[in-house]
Amino acid sequence: MTRFGGILVAIAAVTAVAAPFFLKPFGIFLISTWAVLTIAAIGLNLTLGYAGQISLAQGAFVGIGAYTVALLTPAGVPFFVAFMAAGLLCFAIGWILGYPALRVQHHYLAFVTLAFTTLVFLVLRNEEWLTNGIYGITGTPRPNLLGWKTSGARDFYFLCLGTLTMLSLATWWMLRSPWGRAFLALRENPIRALSLGLDTRRYTLMAFAIGSSLGGLAGALYAPLVQFIEPNSFSFGLSFNLLLMVIVGGSGNFFGPFVGVLIAVLLPEWLRITQGYYLIAYAAAVMVILVFCPTGVLGLIERTRRLVRHKVTGTPPLTSGAGP
Amino acid sequence: MLRSVLFAPVIVTSLGLTSPVHAQSTVYIPAILELSGAGAVSGTNFRDGMLLAIDEINAKGGILGKKIDTPLLDTQSDAGTSRAQVQKVLDNKPYVIIGPVFSGSVLVDMLLTQQAEIPEIVGGEAAAITQKGNPYIFRTSFGQQFSIPKIANYMRDRIKAKTVAVLWVNNDFGKGGRDTFIKEMNSRDIRVVADISTESGQTDFSADVVKLKGATADAIFVYLNEEESARFLREAKKQGINKPLIGETTLLGQKVIDLAGEAANGVRGHVGLTIDAPIPAVQEFAARFKMRFNYACDHNGIKGYTAVYFIKHVTEKIRKFDSGAFAEAAHGMTITPKDEPGILMEATWDKNGDIDRISFLGEVVDGKQKIVKTLPKLGK
Amino acid sequence: MASFIQLLVSGLATGAIYALIAVGFTLLWQTSQTINFAQGEFVMLPAFFVLAAMNAGAPFWLAVLIGISLSVLILGILFKVVVVDPMLKYGVLPLVISTIALSLLLKESTKDFYSSQAQPFPALVPAIDVHVFDAVVSTQSLAVLAVAIVTVVSLNLLLNRTRLGRQMQATAQNATLARILGVPVRRMVLYTFLLNAVLVAIASILVSPIYLAKFTNGETLGMAAFIAAIVGGFNQVRGAILGGIILGVLDNLSAAYISSQYRGAFPLIVLIIVILLRPQGLLGRIEERSV
Amino acid sequence: MTAVLEVSNIRKTFGGIVAVDDVSLKVPAGEILGIIGPNGSGKSTLFNCVLGQLQPSAGEVRIDGKLTTGMRPCDLNRLGVSRTFQLLQVFPQLSVRDNLILAGQEHQGSMASRLFGRADAGLSDAAGEMIEFFGLSHLVHERAGSLSYGQQKLLDAAMAFMAGPRLVLLDEPAGGVNLTMLGQLRERLHAYHAERNATFVVIEHQMEFVMALCTRVVALAEGRVIAEGAPQDIRRNPAVIEAYLGH
């Protein structure tokens, strides 16, 4: 990372830690939501931005994760165990959902995953014996970890932030390992990758499974954050939103999700000054952002940097990076 | 990351923007409503009824000399969002909170308002809401545990039904009604021979009507939202269903009648709140509403309107803006139109925050809702 | 048996509506790789144009014309110029997001600037119930079915018999090559957008009397159209008809005979199976994937 | 001794069209075999059948006597069979160095070791040598996308050699490369061949290139082998001339 970038990250990190001390509970709830959704978005960015596999199922995985925790913790399962279970369950399901990606790509894959999302919603709503159906599950407790009570808004935020930090470090590690290289190869040219000995099938499934498990882990925090989950919260609206966050932030860019989620969480709140018209304003804003930076906010910064370099060294600027 | 640095202050400002500097001359009574998404119809009706009341009251000098300051916060018909919005208004120390209408949202919000000890006046009708011993929750209409039994009695006493079919919309409103209904039917040993779920926003009801025709039911209980009710009634007429169609409030609402046209004729059932109630006050209100917003208000409009007058009256009784005292006083209080015209119909709030009013049995006769019988308050 | 025929007939009628919407959807995909997630809202909106025009005092026939021209202007030209063109060269995804945002924009605008309430909508054809075999079907549904079939047939004629149509197809199949062959590609793409705008307007005016005009209608219709388009064949106009009808009938049969709670699931399962076993759709051509 | 590559009676049909019709080849170790033929004569299809990118309709492929028909390209590659593509196939977003590391990383260790091991999979040096060998050292950190066409061709070849394959199939390596670059490429191929005694199979149009590079040439037309022998003989072979002029 460039020195410039390093400084920005440092500033952002300090802001993230300091913020809750200046905010009212609502503000803390917002940034907690940001932290949780960022985890899910990082997962989608891995599947979509790096491995180039479009998925409209991330919202469903957040839901599966949330229900796992909401169902296990009241049964006396320690939060940490339930948290892990959510991750593993979504890893397994994500692996299976990856198989269609071995056959079809692009919009076909998008619609398969979208169908999956809706099916998950139907199961969550209809299997009342398990999920309490449309009524949802109220009051998932916030965990005590080694004596640390996270019931307070600020404590729970730090739990989310901590989890986010650890998971993004892990992702960072994976992306700089040969796996990261393999994922990029998968996105840019699967056929060539195959001829270079890359087991593209295994990497594709991995990309799906890991991305999905991150979605599940996000959900594991979502349940105790909101303390009420219902099937509707995880219908395709959420999947669309997560996709929006990744694209707006800059897909295939490590920090894209952080920025994208921040925009998607804060902008609507911010626009509520326009009273009844805030959703219109928000939708318009998103479209404008995309017109000016189709490769995402960070993509734009990337491109301008390249253009500048281009002027100097004569390397052509790149437009790709917005996934397939 | 650049943007996040730029946006970080926004977190703070966004709060600055959302916490109105309410001067001493106003009382802060925020409303959290379904203004977009699936619940928008109910939410906007509720909102407009509420606004009407607020303007009337403020025009007359407000409550105890303070003008009502009611920012509208949209839940997008999503529980998570509504929770966030409640959190937001709680940060600004509200006196009372109005809304939301969706029971799911109510169930999550009431956890917070209870913690903060702020009364919440909701439009939700799910039975569960008032069964959690929450001393800060108040209804503006019958909970399903009161309205559905009235339907059940109607089925037994008037229709003399031995077997019934139930058609319900598969959201928390419809499911709640359906579950209560089945319970009530069993307790009156009436057999439920068909139990059909429909999707909210469903457009084609032919399959459901076919199933209903197949079922040998003496009567059909229809528990859907407005436009779905209308679509169903049209399909039912098309396929010539000849069983009595029984509904609860919505099905007999003017909106459904307008949408379904003559297909609505012959529909009967229980009406909790209706602008067609044979009560002058209600009809005058309906007229004022129509004049201002130029559409016919439904029961949610009445809920919103009476909610505000409920707050006004209780506050004037306790003579101060004290959330705790409000909750205290409101339980077991009966408000008559004599003391408070804006309440439209005499209403009593019991110890759980459930409301008790007179209600009606109605029937749709050539495109108009006709009240055939007035049911007394349960308390009497 | 009677009920079965009834389900079939109504399914057919519903399917025709889906088909009508799906056709435009596939056209956009073919010529400009646009997955229009706002297609449902595109169908919801023109009805409100018409209603607005009527509130302004226009007679129905005039209001209909106004509605169609407005949707050509807004959902055709404006949509292409403002939303699609700037983003096309950046791949499918940013555009997908943009259309998702657009659908929110259209829904909310309709709600805030017209009404959140469902609106009754005047019918082009009087609603008379016709008895076919032992099933009942409304003349309105028949009208939709007829229009859908006529549309697709004439579209096929246009695409296969006329020079213009062949140029459009060339554009759809290989824009670069078409350009070399002197096809005015840009104009062809614009034409498909106009065509789509007209189709959604027609669909809107046909279905609103049956389904009522409401700002949320697009959600159900849009999703149905996607499924119909893919099942039938993303790159085949007549595929949309088949897809739509399969979907409509399947939805009814599964709701009636299998499970009403899971009625939404069966079309999706079919969708997944079709995509996995025959990605090009039942009537679709295989799209060469560049190696 | 068994041939490095043995193709027996390969046949590939698309619908009704026969692309490759009963072709058999034997490529002994250390040979540089050229495959020529007019467009559509089935050269690339044959390649793809050998490399598992296509399933042959009939026939067998053996590498070092091991039956490999129907194997996935990645497994074949791990057996020491690598290729270049007719159209450029480098990873434009990755640096030259990363392109080469990628070409080598899957040939060692396990998935786990690749996740937890070193970021460069310990291939930096090997990559460096290969880059130097192809004279790209000055570009090592450039994104492959920003290289000139010829440079990318070299990189493409370098990637094929990165894992030290026993058998390399080059699909029109000379295609679209300017003469100086062409000379460099041919010279590099020769050098590599001499150093590692690798076996090449080359599809090429550019006759001079074939003549200069190959030890033996097979001519295809309409999916069939029409001639086979030393480059200069093939050049004079009437059947070959006919096949080319015929088109």
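Odds and ends about this structure:
In order of appearance the chains are A, B, C and D, and numbering begins at 1 in each one.
Heads up, the rule we're going with is that a residue touches a chain if its C-beta (ideal position, glycine included) is under 8 Å from a C-beta of that chain, and two chains touch if they have at least 3 such contacts.
What you see is a predicted model; the values in this text were computed from it and never measured.
A comparison of C-alpha centroids places A closest to the centre of the full protein. Using the mean of the Cα atoms as each chain's centre, the chain most removed from chain A is D. Averaging C-alpha coordinates per chain places the centre of chain C 48 Å away from that of chain D. We define each chain's centre as the mean of its Cα atoms; on that basis chain A and chain C are separated by 32 Å. Each chain gets a centre from the mean of its Cα atoms; for chain B and chain D, those two points are 73 Å apart. Centroids built from CA atoms put chain D at 41 Å from chain A. Those residues of chain A in touch with two or more other chains are numbered 125, 191, 276, 279, 320.
Shown for chain B are the residues in touch with two or more other chains, namely 36, 170.
Residues of chain C in contact with at least two other chains: 108, 261, 264, 291. By the touch criterion given at the top, residues 36, 38, 40-41, 43-44, 170, 196-199, 201-204, 206-208, 210-211, 213-214, 226-227, 230-231, 234, 238-240, 255, 258-259, 261, 295 of chain B touch chain C in their complex.
Of all residues in chain C, only 29, 35, 37, 83, 86-87, 89-94, 96-98, 100-102, 104-105, 108-109, 112, 226-227, 230, 234, 261-262, 264-265, 268-269, 271-272, 275-276, 279, 289, 291 touch chain A in the complex they form. Against chain C, in their complex, chain A makes its touches with residues 48, 54, 100, 103-108, 110-112, 114-116, 118-119, 122, 125-126, 191, 240, 243-244, 247-248, 251, 276-277, 279-280, 282-284, 286-287, 290-291, 294-295, 319-320, 322-324.
Interface residues of chain D facing chain A in the complex, by the touch rule stated above, are 51, 53, 72-74, 77-78, 82-83, 85, 89-94, 98, 101-103, 105-107, 111, 114-117, 119, 121, 142-143, 145-146, 159, 163. The touching residues of chain A, counted against chain B in their complex, run 5, 8-9, 11-12, 15, 19, 22-27, 29-31, 33, 125, 133-136, 138-139, 226-230, 232-233, 255, 258-259, 262-263, 266, 269-270, 272-273, 275-276, 278-279, 297-298, 301.
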